[in-house]
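What follows is a set of structures for review.
What follows is chain A paired twice: with chain B in the first complex and chain C in the second.
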Partner chain A sequence: MSGSGEFTFDAVAVPFVPGDHLLTALLRAGLHPTGGGTLCVEGHSPHCVAEVDGVAYVHTCQTLAREGMLVRAQAIGDAPMLPSTDPLAQPVAVRNAHHDVVVIGGGEAGRGAAASIGAPIVDAGDGGEVVGIFPGPMVAVRADAGMVHTHVERVVVATGVLPLLPVCPGNDLAGLYTPKLAERLQAAGVDLGRTVTITEPPQRFEGADRVQAVVVGDERFECDAVIVDIGTTPNDILARMGAGLAVDAVGGASEITAPPPCPTEGTVCPCNETTMAELAECWDRGFTSMELLKRASLAGTGVCQGAVCSPYLQSFIADRTGSLEARFTARPVARQATLSELAAGRHHPAIARTTLHAVHEAAGATMDRFGGWWRPWVYSDVDAECAAVRSAVSIGDVGTLGKFIVSGPDAEAALQRLVPTDVSTIGPGRSRYVLMLDERGYVLDDGMIMREGEGERFFVTVTSGGASVAEMWVRDWTADLDVRWMNVTMSVGAINVTGPRASELLARVGFDQPLAMLRHVEADIADVPCRVVRLSFTGEVSFELHHPCARSAELWRSLLDAGADLGVVPHGLDALSRLRLEKGHIIVGQDSDYDSTPRRLGHDWMVDLDSGDFIGRHAIERTGRLPLDKQLVGLEGDGPPPFEGAVVWSMDGTYAGYVTSAAWSVTLGRSVMLAWVRTVDGMLPDEVRVEGMVARRAELPFYDPEGVRARG
Partner chain B sequence: MNEHPEAEITLRWNEPEASYDVVIVGGGGHGLSTAYHLATRHDITRVLVLDAGYIGGGNSGRNTTVIRANYGIPEAVRFYQHSLERYRRLEEETGRSMMHDRKGLLWMAHSEAGVRRERARAAVNQAFGAETVYLEPDEIATTCPEIDLACGGGFPAVMGASFHQGATARHDRVVWALAEGAMRCGVHVAPHTAVTGLIHEHGRIVGVETPAGRVAAGTVVSAVGGNATLLADMAGVRLPIKTHPLQAFVTNRYQRRFDPIVASGDLGFYVSQTARGQMLLGAEIDRQPSYSRGSTYELLASLSHRAITVLPFMRNLRVLRQWTGSCDMSPDYSPIMGDTGVDGFLVTTGWGTWGFKAIPAGGECMAEHIATGVAPELMAPFSLDRFERDRTLADRGSSGTH
Partner chain C sequence: MAEFVVAGELVAAVRVVAVPEALDAATWPADATEMRLAPDEVLLLDVLDATAPEPHAIVFPDTGWVRFTLSPDVGAQLFEGAATWPPPSLGFGQGAIAGIPAKVFVEADCWSVVVPAGLASDFEDRLGGVLT
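What follows is the complex of A and B.
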């Protein structure tokens, strides 16, 4: 409970006493938050909202007054300004609670239900405003102390009933209160003046700004305040929101009551100031169902979510059709919360860092986000990095690769199902570059399969950033097999040692055994236990060193130290992308599109239709018989490289496709590109135009077509 | 330009009669637009539009009202640009306000890959008539000063963006104006009338079954959203469609000030301020296919978080309402329109997250196809048989957001 003090309402200082809600203090001071309209204590009449400490649309009947609060009037129908400066980021606490059952509503029905099942109660009167009931079920509660996410097996909604607010001329005057509010005000010592209590819907209220008289039937009562006690309606928004979830409504909230008599005049939707006359006009225009009437009249689309108007919409429709139509769909939120409150406890998905991240930053690398990882884009000079790979030796951090250990009696069968190649022919100590296809024969990912020693154990790498999707995919497709997938992406580091002097560098750090292409072996390198994999993405002799990632920095340092006189430098993603482009190697996601079959990618040599069944086989067989409509091809030109994404035009000026990768090849002295190009009459064009430059279709790879350099 | 209770449009409903030239299943934007164009362009008025619920109650009333043409392949750019231009004239044509607002669409990138995507988008857009330019960060700051380019340090900074001459319009008004226009020409619209079966005769579809009885039809068009595959199944047509939920929410109303539509592909979120002054936020589709229209807290929380990362001025805005639509996703992220291989049964589907922007062009094309028997050039590439012929139209400009 708060102490006495003052808050400001617009420019006026308003005193309050302990226990006062803002609304109570305002009314005691002779003020009305929005100027007029019937006020309640349930937080559903929109007539009490105000901007409180920079948050608009706050129900002052729900908010305890505190010293120094800044309250601003918010006239109904006059939307507030958007903040012109950024509000401070206030950390919002979030707490998770777990119960078997929770009861919403601390009234008679709620207390009864709670006592009989021993469940806790959430009640707005205790400052816990229920934002909504969500699948789980999860009850999200907003309180001044923060958000509470209550996870339960079952929810009991005991929110009771709401007082009906009057709909008639003059229902926007000040001085109209529900019985409970009048009680609260009188208990708080607020002088309401001459009050009249009405128990049936009035004809009208009279007055200028404040009510001066109320007419009920043929009688007119002069007064300073009217206590409107004209009936109740089920407070069922949460019960309706919980439809389809484990939610039970009890008490008043669960009852279906006859709607009130249909009013003929006055504002029916206070949030949007829709009048009965406008409702009638919409109806006459053909908006003759609850949902259409709501959308056309806007009644029910405001802050109170139809709590005030929906009983009247029901009676309005029943008057015209003779049948009681259900209230419109209840959607979250039942009680409002700010974006900050809703975002409480959230974080962006982590952008992963390899254990070499700090090493790259210390080396001055520009880091970029790629495939869910931070990766060094360039250290200082991309041309120098490329030159080191082509003429000396260089190291690169490829710890970002997705990595899996696949084991179990059905490991081979599982892989066989996932890739279009004969896995049985990958012998111990050997590896193979593979594609992974979806059911439509489109390329999902690419990677390496390595068989470890004898038996059913494999090490599999996939694209950086592809690991999480790949993991879901492979587990889903092999759930019926006796196979274990262990995702070791985060625990296994990988460094690529590449260049004509790569073998020489490795010999200096303790690895001098011959290792042929696509073979792998376990060995200690600079005292770090590694799997050494001979492959090539850059086109030069390359060794991937897989190792415990805790030792990546040590291994990286040893390689740089041992190769200093060989000219070893690290290369970033930019250099790697250019070098692999010279070799025509694709990057799945950059060069592939949503509908890239192996054939379209020029990779149909990777599909072995003799290897039994695999995902995508049917589609590949079917589409393989059809004429090819587009293909990823190599292009080269003499001008500067176009930007990646540039449009490719036929020589006759029609659209041909777009560039996916482009770079100036220092080695070759021309621009090299990968691009999607459409066929014309089944033929690929020999020449196209890209950003004004004539580009020639070139056989891939551009660089070292015989593959002599990679074999060393 | 604020909303107010409807005082222009008048709708008149009909009980289905026994027979029509064309029966359109689905009284959303596409179904009603097809009916409107059949009546106004081809003088085909013996047309019935059926809906299981109320008109515009599906995705036409659940989308986030963005009109854009910044797609990634020429076929799509031409089609959506035509639609966008039709939208610019649709208020004049129908004589009805749709709160069409040419506010522009800023689509941000937070990575080299994102920059590549937005540059590519601008290039192919310019080549095929859509007005899109690439902006550097300082130009983004000028276009939308509310954006925190640094993203509070909690997410990679904004590195660039494309800016497209996109717009918004009020979705309900679009649906109602097209319905009214069609009704005026004599088209019948029967809401709350579910199609429970299709009538087959000699391999043709010759009508629909409803609880109110059979209705014979020269042509049956499925303009259904969400349940598109279920209806097609009744015709014996298997659609390559997976339906995914997409959620959105709005804040309370504020004075209109926030100008462009702001989207971030990397964050997976977009926001605009409606004619009513509400801030309207959407996200990417749920990964798990489902027909559910339930709302999740996960979305409310994560989308709020993404939004205030880029637009911290929104921190203290309160959320008013959350809802969910159904996105019919095709394998190549492009729509499917026209013949199905079953005589008398046509579809317009695969509208994913891009159905609203295609309402004028989609209905115009479908109507011409029905009237002439020939798919017009704009829609021909989007035929269903492209999957069988392996002539798919992968469109990176579609992606999974609005």
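What follows is the complex of A and C.
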């Protein structure tokens, strides 16, 4: 129980005595939280809300006064000011609880239900305020120590009934109380003056700001306060919030009661200040059901979630249709909740780290997030990293690649279905660069397929960040086949050794056998068991070393140590991106768009229509007959590289496309780009303008078009 | 008695993918802690190899997991603060803990929580936030 003291209400000092709720103290001081309107003790009337210590929509009838509280009036229909301090600065703890059933409400019905099924009770009187019911179902409860998330199979709502609040002219005056509140106020020594208790809906309240008289039937009663005792209505907000979930109501909350007489005048929804006249207008415009009326008039969409207005909406509709419509759905939350409370127990998606993460950081790499992974962007000098690849040797962490092992009698058939290439021609120890298409023939991903040994077993890689989507995709499409998939993305590390002296470096760490392009072999490198894959993304001789990820750091260090005199340095993603751009290699997701067919990408050479049925085949065949409307092309210019996403303009100033990748090529001495460019009369323009620079269309790749360097 | 550590440690493991019936019938090394990740996939902790339960099974020595060994009290505290699913009373369960996909094996005197190595650092940070 709080002691005596003072809080401030809009800078006015308000004294309180032990046990006072804010509302009690305010009324004792002659203040009304929102200026007027019927007040209750159940925390459902919107007329008592205020901003308390920076938290908006707090029901002052439910909040005990404490010394120094800062209370500010809050207009019911207006949005409160955003917090001026970081709303997440004070994290709110969360506790997860699990029960078969939970009962909300500690009244007679709630206690009875709880006793019969042996379920715990959540009750506001015990410090557990239910904020909302969420899918699960999960009951979010605000407690002294933070939030409690109660996960259950079923919720029983036993929240009883609420007093019916009056709808008539003057129902926004001060001095209107429900019986329970009047009782509380009188017990707290609040002088209500001359009171009148009404037990049937009034015609009107009279007064300026405060009530001075009430008219009931033909009688007029002068007074200082009206105790409104005109009936009850089910307190079913939480039950309505649980629509579609395993939520039942018992007791008063479940009662189907006759609605009150339909008012003819007055504000029916105090939260949004919707009047009876406006309801009638919405009805006349054709919004003739509960849900439509709610949406058109906004009645029921405010703070109290229809606690005040929904009985009257029912009577309004019943008056016109003769039938009783169910109340509308309520949405979480049923009480004010801060961002901290809503964020309790939530986490940002984790960004994965390769087992080389600490090594990169120790080397001074600038780390950034790409495709769901932390990756080294640059170590110190991107030009030096590119130069090392082009003239000596460099290593890069490509452990982020999506990786799968595929096995089973139907493994080949499964892959054949997934990619537009003849998988049967990928022999043991060989690999192939492949595209993965969706049903529309658009490129979904790309990667490598490697056949292991003589049997039906393959190793497949996809783009970094593509693994989880690819896993769902391949499993879905091959569920009818006798095939096993294992996602080893996070288990297999991969280091790219690239540059004209890559073979020399590998020879120093134990791998000196010749390995032709697109071949792979298992071998120990610096005593680490590896799958060595010969390929090239940079345009130089390259080997990917796939290995147990726990040994990545050991392998990395061995390569750096062994190649020190060869000039080996690590390269980051920035360098890799520039180098592959010089070779015209695409990055799916960066250079491809949502509608990129292999033909538009200039990769139709990767589609083998003789390879049987594959996903996207029919779309490829159909769209292949259409004129090409745009294509990913190479552009080069003499000015600085444009930003990625820059608009490509035709020379006559019309829109022609946009840049997907751009970089200054130190090797070539000019800017190189990949860009989507529209065709005109079936032709691609030879020149375009990008950020004021004339860019020439260039054949891809820009660098080493014969591929001599990659073959070594 | 197990040593309880809040810091994660790489764990020796073998992952096996095979047809469900073969996994149902398989026997694993006696020391292995068996986690049935899916009908067709099992993760075996504390072993370096396993016999393929059928000819096309994938048996993969897997170094990509980090184990956090917790006392039952700490384990229960972790679940209470960071998991929306109840821990198994004994044996294996899986789901998100503090937003990280995790596997848990509950024994009477210790709980093993296993997460992918790539997410272990985040998990450790979040664990600290929950267990304060």
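Please note the rule applied: the second predicted complex is superposed on the first by the 511 of 712 C-alpha atoms of A that agree within 3 Å, B and C clash if a C-alpha of one lies under 4 Å from a C-alpha of the other, contacts with A are read in each partner's own complex, and residues count from 1 in each chain.
Here is the rule we go by: contacts are C-beta pairs under 8 Å (C-beta built on N, C-alpha and C of every residue); 3 or more make two chains touch, one makes a residue touch a chain.
Predicted model, so just to flag it, every value in this text is computed and none were measured.
*Asks:* One more residue to check, A:Ala553. First (chain B), second (chain C), both or neither?
*Replies:* The answer is neither, since A:Ala553 touches no partner chain.
*Asks:* For A:Met517, using the defined touch cut-off, is the partner it touches chain B, chain C, both, or neither? Pick first, second, both or neither.
*Replies:* Touch partners of A:Met517: none, neither chain B nor chain C.
*Asks:* Quick check on the superposed pair: does A:Leu192 touch chain B, chain C, both, or neither? Answer first, second, both or neither.
*Replies:* Neither partner.
*Asks:* What is the contact status of A:Val647 with respect to chain B (first) and chain C (second): first, second, both, or neither?
*Replies:* first
*Asks:* If we overlay the two complexes on their shared chain A, which of chain B and chain C does A:Ala143 touch? Say first, second, both or neither.
*Replies:* Neither: A:Ala143 stays clear of chain B and chain C.
*Asks:* Examine A:Met693 and indicate which partner it touches, taking first as chain B and second as chain C; both and neither are also allowed.
*Replies:* A:Met693 sits against neither chain B nor chain C.
*Asks:* Could you say whether A:Arg353 touches chain B, chain C, both of them, or neither, answering first, second, both or neither?
*Replies:* Only chain C; A:Arg353 stays clear of chain B.
*Asks:* Go through the superposed model and pick first if A:Pro409 touches only chain B, second if only chain C, both, or neither.
*Replies:* second
*Asks:* Who does A:Trp485 touch here: chain B (first), chain C (second), both, or neither?
*Replies:* second
*Asks:* For the three-chain arrangement built by superposition, which of chain B and chain C touches the greater number of chain A residues?
*Replies:* Tallying touched residues of chain A, the top partner is B.
*Asks:* Once the two structures are fitted together, what part of chain A is touched by chain B and by chain C alike?
*Replies:* 136, 138, 149, 345-348, 351
*Asks:* Inside the complex, what are the residues of chain A that reach chain B?
*Replies:* Chain A reaches chain B through residues 54-58, 79-87, 89-90, 132, 134-136, 138, 140, 149, 244, 274, 278-279, 281-282, 285-289, 291-292, 295-299, 301-303, 305, 331-333, 336-340, 342-348, 351, 368-370, 377, 440, 442, 590, 593-597, 623, 626, 629, 643-647, 655, 658.
*Asks:* Using the touch rule from the top, collect the residues of chain A that touch chain C in their complex.
*Replies:* 91, 93-98, 136, 138, 149, 151, 345-355, 357, 373, 405, 407-409, 411, 456-457, 482, 484-486, 488, 490-492, 548-551
*Asks:* Which bits of chain B are touching chain A when the two form their complex?
*Replies:* Residues 3-7, 9-13, 53-57, 61, 74, 110-113, 116-117, 119-121, 123-124, 127-128, 148, 152, 154-156, 172, 176, 191-192, 240, 251-255, 257-258, 266, 277, 294-297, 300-302, 304-309, 312-323, 331-333, 389-396 of chain B touch chain A in their complex.
*Asks:* Inside the complex, what are the residues of chain C that reach chain A?
*Replies:* Residue list for chain C touching chain A: 10, 15, 17-19, 40-41, 56-58, 60-65, 79-86, 98-100, 116-119, 121-123, 126, 129.
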